[in-house]
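Both complexes shown next keep chain A, but they swap its partner, so chain B is in the first and chain C is in the second.
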Partner chain A sequence: MEAKGKRSARYRSSRLQRANYKWIYLFLLPTVLIFAMFYVVPIVEVFATSFTQWDGFNAPSFNGIRNYINLFTSHSFLTSLKNLFWWCVIAMTLHVGFGTLVAFVLFHRPRGWKLTRAVYMIPNVISAAAWAMIYRFIFNDDIGILNSLIRIFNPDFSVDWFYVSPWAFWSVTFTWLFYAVIVTLIVLGDLLNIPQELTEAAHIDGATGWQLIRYVHLPLCRSAIGTSIICSLTSRIAMYEQIALTTAGGPDYQTVSLPILLVNAITDYRYGYANAVGVLMFLIGLVILWVVNRLFRMDETDY
Partner chain B sequence: MKLVKKGASQALMYFVELVVIVLSVFPILWVIMSSFKTNGEILTSPLALPTSFSLDAFIHLFQNYSFPIYFLNSLLAAGISTLVSLFFYAMGAYVIAKFNFPGRRLLFVLFTITLLVPGHSKSQPIFSLISDLGLFDSIWGVTLVYLSAGMAMSIFVLKAGFMAIPKSLDEAAIIDGAGFMRTFLLINLPLAKSALSTAGILMFLGNWNEYYFASLLTHSDSQRTLPIALSFFTSEFSYNYTNLFAALTIVILPGILLYVFAQEQVQASVAATGIKG
Partner chain C sequence: MKKTRLFAGVMAGALLAATLAGCNSAPSSASTPGSAAASGSSAGVVEVTIPSYKTGENVGAVFFEPQVERFNAAYEGQYHITLESVPQDTFLDQMKMLAQQGELPVLVQSGDVDWLSNVVYPNGLAYDLSGWLDEHPDLKARLMPDGLAFCTDESGAVYSMPLATVRPTGFFWNSALWDTQEDLSAMTMDEFITAMGDQKIAFSTAENGWVAALFLTAAIANEEGGIEWLQSGVENRIVDFSEPAFLNAIGTLQQLLQNNAAPNSIGATYADAANSFMSNQAALISNGPWMSADFASTNSANWSNGFDGADVRAALFPGQVGIANTATYGEWFISASASPEEIELALAFLEFINSPEEIEAYLLAEGGDAPGLTYSDGFKEEQSKTQVLADLAADTTADAVFVPCILDVIPSSVANSDFGMLLPSLADGTFTPEDFAQRMTQAATEATAE
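So, the complex of A and B:
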């Protein structure tokens, strides 16, 4: 009786669906249009015109891998790759490490954990442009918080953090380094999903606090850490506001990023070159995704 | 020994909490506080509390600069794009969640994988597209681009929302004679309220704060959104710090207020999708 009911329900819904195809495709139309207009066409265009010389007025003319050769022989591009590499290293270690530490702290619910979780999100809900400006003032030589604090001890101190080497790189890094709330929330989510029995079993086996964290909890949020690394590395590739509004890539390209180069190329009407940068951003993103996926064995489940 | 260890880990936990709170709140409090100080106070004692409470900077900004216009532009671009795309993505997510049709799985993967495409890499084609449509240097061009911004996250969140609505409700509605459109509008949309508000809040926050495309696609003063206006202010005011801090306050406050009202939703959805707001 039950099986029969199920079958007839399936039959009914499938007939219903066939009659609904017109509606289904109509409903998908807006999303598909947006997808085509803002994803498919632009991506194809970026790949195709990255092999051309193009100023946006005249028709693009094919020039093979000229743009890529120019890129890989230019000081600014190589510096931006070097920066990206170090930012990725810092993101994977210090940034994700700090976010994970905060997640473990919150997981133990010390007093004030809810408040901490709530306010940690604030830097992420305000405009990245505004955040960059705020840090520009914090590191400002005349009125900044940092130098005002240092001058309490050393009245003659004066450094314009965003404009001199090597501090510019570290100042830009500091604007995101400890703001790892996404990492914290993702890892905390996984920690809260760990079955209670597992923790209890470990306790019975005699695991103490640190051992529990090191051998049970940490390995179990492996895939959450992998996800947060992907999120954070994706943001490293896309770093724009916190550079454009502070150092603008200087001094001497020491804080330059791929989006900065891309925008400069667009404003110079070197569209082919700009799109070659776009293609490389795209490919670097894919490589990172693949590597992190393999590294953290993210397609395997634990339970 | 055990007690010492416990005390040490307690101390470490409070220390981490303190660091997080100071790093997240202090810069913002400092900005808001400084917007009430005079320029002289900011220069001589940057860390001190304001000696008097004055809203002059804010009044000055709204009277002498196009701040109401920037505000309106931000509101239009973020609000309209969020409302329209939320409806579009709800339509798409609804049929993906509730119906079987060829290409269903493929479309879902394609829509959500857009999350991994670096937005900046598509700048030139989008710049050209908006120029060709005659929408360069218009807030409507920016609005159009924002339509595409939250696609992956919205489809993801909304699909889950629609899937949680029992199919028996649809069937009951159909038996009662409701058509496709009515089942969607009157049964499913109201029941997916929480998914809709989650996706909507995240999209609105993202678009309200957006800087990159707004800076690329606008040029003249009358089309600027708040974040763009802010970046132009630095050069214009150069040494009037009070005005700069007031401008910063105006730009950051709405996002923070929205977050305060929708805290749980923002946190839950960020954790689920890993997206920067």
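So, the complex of A and C:
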């Protein structure tokens, strides 16, 4: 009798849910429409036209995998992949590492931590394009602050940081390397959510400060660090302004990126080729998402 | 319960309606110039709105905006043009988008050669001017023959209004820093480099390396076979840079970059180069005659370090080479979808801006030459008052040689990106001329691969 009552309650609940479905679908409809129109349709179109020769106006003509063959035999494309790989390595280690380090420092709430957090946030409200222009002046050989400082000790010093190998790659990297406030905020959020009892228990067990970080706090920030890495790496894939406004990809393609190639292809009215670049950017993003998800076991909960 | 459902339904409907309203493609009068909403007639006046980048702070606005006002005054009560300001950087993209939507404005201001020849003209988006030109023989005679021939397709149609003026680009020098009395355009390139000694040139290598590209073009034109090689790129973009004339010219450019470049040249944008010249840090710069406006006393706020625009002189390049492409499309075409009244207005505008008075006014404002026009005495007198324009006019004789800029005869992405990207390695000696040429060939081949 009791079991029958429970089944009846479940049935009533299920009917109620079904009655609400139409409202759920109705309210979801605008979002689904927007998603379909502005995401699904363009993505499908990009995939489809990447197998065509298309000038962006006349009807595209199917050319199989010719665009992809051209891409993988292109010196600039292979160089851009190499650059992306190294930027990803730097982003995963130095960029996310620095942001995480700052988060751990702020977590201990040293004197002035709120002011530090606010000041650290400021670069994030300045656009990448503006930063690129600022860095052009910082790294300017003639009037840049960096070379002016170095010339105090070595008056004959002269390096065009953005235009000489191998410094150009590192100069472009510096335009984003230490602006890791997003990483800091994500990790700090996770740190602040760690139950106090866990920290106290570790203290009672005799854990030192480093052991507490190494064996308690860091593992519990796993998802936040994974999310930060995904954010950082996808930004590297889409990196355009910092390069276009400084080195434009030079010298000798040493700072060229996939978006630079994409824009160049559009300049030449090669929309099919440009969309092939777009497809590869999309796929690289998906692979990164999958790998980081697996590495950081982001679908597992800690509490 | 019923009220709650009704409320929820209304809210959901409103949300959906608001979402879809943003996707409505109905044109608005402000955003779709040339459309029925943007053009019309009031009390018999045909009015159109045309987008233009020669507005506001753009350097071309100084002449163009008053010219449109003069047109409106001349045709008061009949035609009226309103300009819609569009930033120059995004102008062509906006035109391409309007073309895709079938919403081109009545008058379209330029476009790159690839877009015009591959998209606009083959798809019947432009109005054929050939009949109208035949009805106006005086006007047709003022147009440059090379330009008219280039704009005339195999069927005899003329979609782009051919140019009546040519503005050959040479170079400017500051006589306060380099007080030479020699006829520089009559020299060979080697004699010129020797005469220049260690004078500094304000190069730009960033963006598309504009100033460097101009000196390179002049160097190519001074090599044997260089003129023909450059001109061959007008019809078919150049993708092979192993031509000896190019290799030698790159050697000359490397020499200039290493020995004569102003300190800030590597990585300099055009604005940096102009600033270098107008602050007495460089004695030479190359640019078109439109730069003469920068040397007028009204622009003295942009001068520094004792620079005086009155000291600036101008010349065509050695070998009497002027950089100008006469075989090219003109600045304007008329949309084929315009109404008969709008086309009448557009034709009246093209006739107006190509009238002798307007051509002379244009040449006085921005420099250049109109080979098909007999100048008035008043014009000659006025032109002689602007030193650099008078200098260029004196050099633009029948012996002058016009060549297209190297950036106009190579694939667009190579011109806009690869060329400037490779210049720093040429300047610091990492590349030999052969390396540079090989990289250019590789980039051009990739950019044109089908």
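The criterion applied here is as follows: the second predicted complex is superposed on the first by the 266 of 303 C-alpha atoms of A that agree within 3 Å, B and C clash if a C-alpha of one lies under 4 Å from a C-alpha of the other, contacts with A are read in each partner's own complex, and residues count from 1 in each chain.
Note that in this section contacts are C-beta pairs under 8 Å (C-beta built on N, C-alpha and C of every residue); 3 or more make two chains touch, one makes a residue touch a chain.
Everything numeric in this text was worked out from a predicted model, so none of it was measured.
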item	value
Side-by-side fit of chain B and chain C on chain A, or clash	clash
Contacts of A:Ala274 with chain B and chain C, given as first, second, both or neither	first
First, second, both or neither for A:Phe35, with chain B first and chain C second	first
Touching partner for A:Trp87 - first (chain B), second (chain C), both, neither	neither
Partner chain in contact with A:Ala248 - chain B first, chain C second, else both or neither	second
Contacts of A:Arg66 with chain B and chain C, given as first, second, both or neither	second
Which superposed partner A:Phe162 touches (first chain B, second chain C, both, neither)	second
Contacts of A:Val46 with chain B and chain C, given as first, second, both or neither	first
Most chain A residues touched (candidates chain B, chain C)	B
First, second, both or neither for A:Phe178, with chain B first and chain C second	first
Partner chain in contact with A:Phe107 - chain B first, chain C second, else both or neither	neither
Single chain C stretch clashing with chain B - from 91-99, 181-189 or 415-423	91-99
Common ground on chain A, meaning residues reached by chain C in one complex and by chain B in the other	23, 27, 30, 34, 37, 56, 136, 142-143
Chain B - residues contacting chain A, complex	5, 9-10, 12-14, 16-17, 19-21, 23-28, 30-31, 42-43, 46-47, 85, 88-89, 91-92, 94-96, 99-101, 107, 110-111, 114, 116-129, 145, 147-148, 151, 155, 167, 171, 174, 180-181, 184, 205, 208-212, 216, 226-228, 230-231, 234, 241, 244-245, 248, 251-252, 255-256, 258-259, 263, 266-267, 270-272, 274-277
Interface residues, chain C side, partner chain A - complex	8-9, 12, 15-16, 18-20, 23, 96, 99-100, 114-115, 118-119, 122-123, 205-207, 263-264, 266-267, 411-413, 416-418, 420-425, 428, 430-431, 439, 442-443, 446-450
Residue ranges of chain A touching chain C (in the complex, touch as defined)	23, 26-27, 29-30, 33-34, 37, 53, 55-58, 63, 66, 70, 74-76, 136, 140-143, 160, 162-165, 247-253, 256, 260, 264-265, 267-270, 273
Chain B-touching residues of chain A, taken from the complex the two chains share	12-14, 16-17, 20-21, 23-25, 27-28, 30-32, 34-35, 37-39, 41-43, 45-46, 49, 56, 101-102, 105, 108, 110-113, 115-130, 133-138, 142-145, 148-149, 178-179, 181-182, 185-186, 188-189, 209, 227-228, 230-231, 234-235, 237-238, 240-241, 245, 258-259, 262-263, 266, 271, 274-275, 277-279, 281-282, 285-286, 289
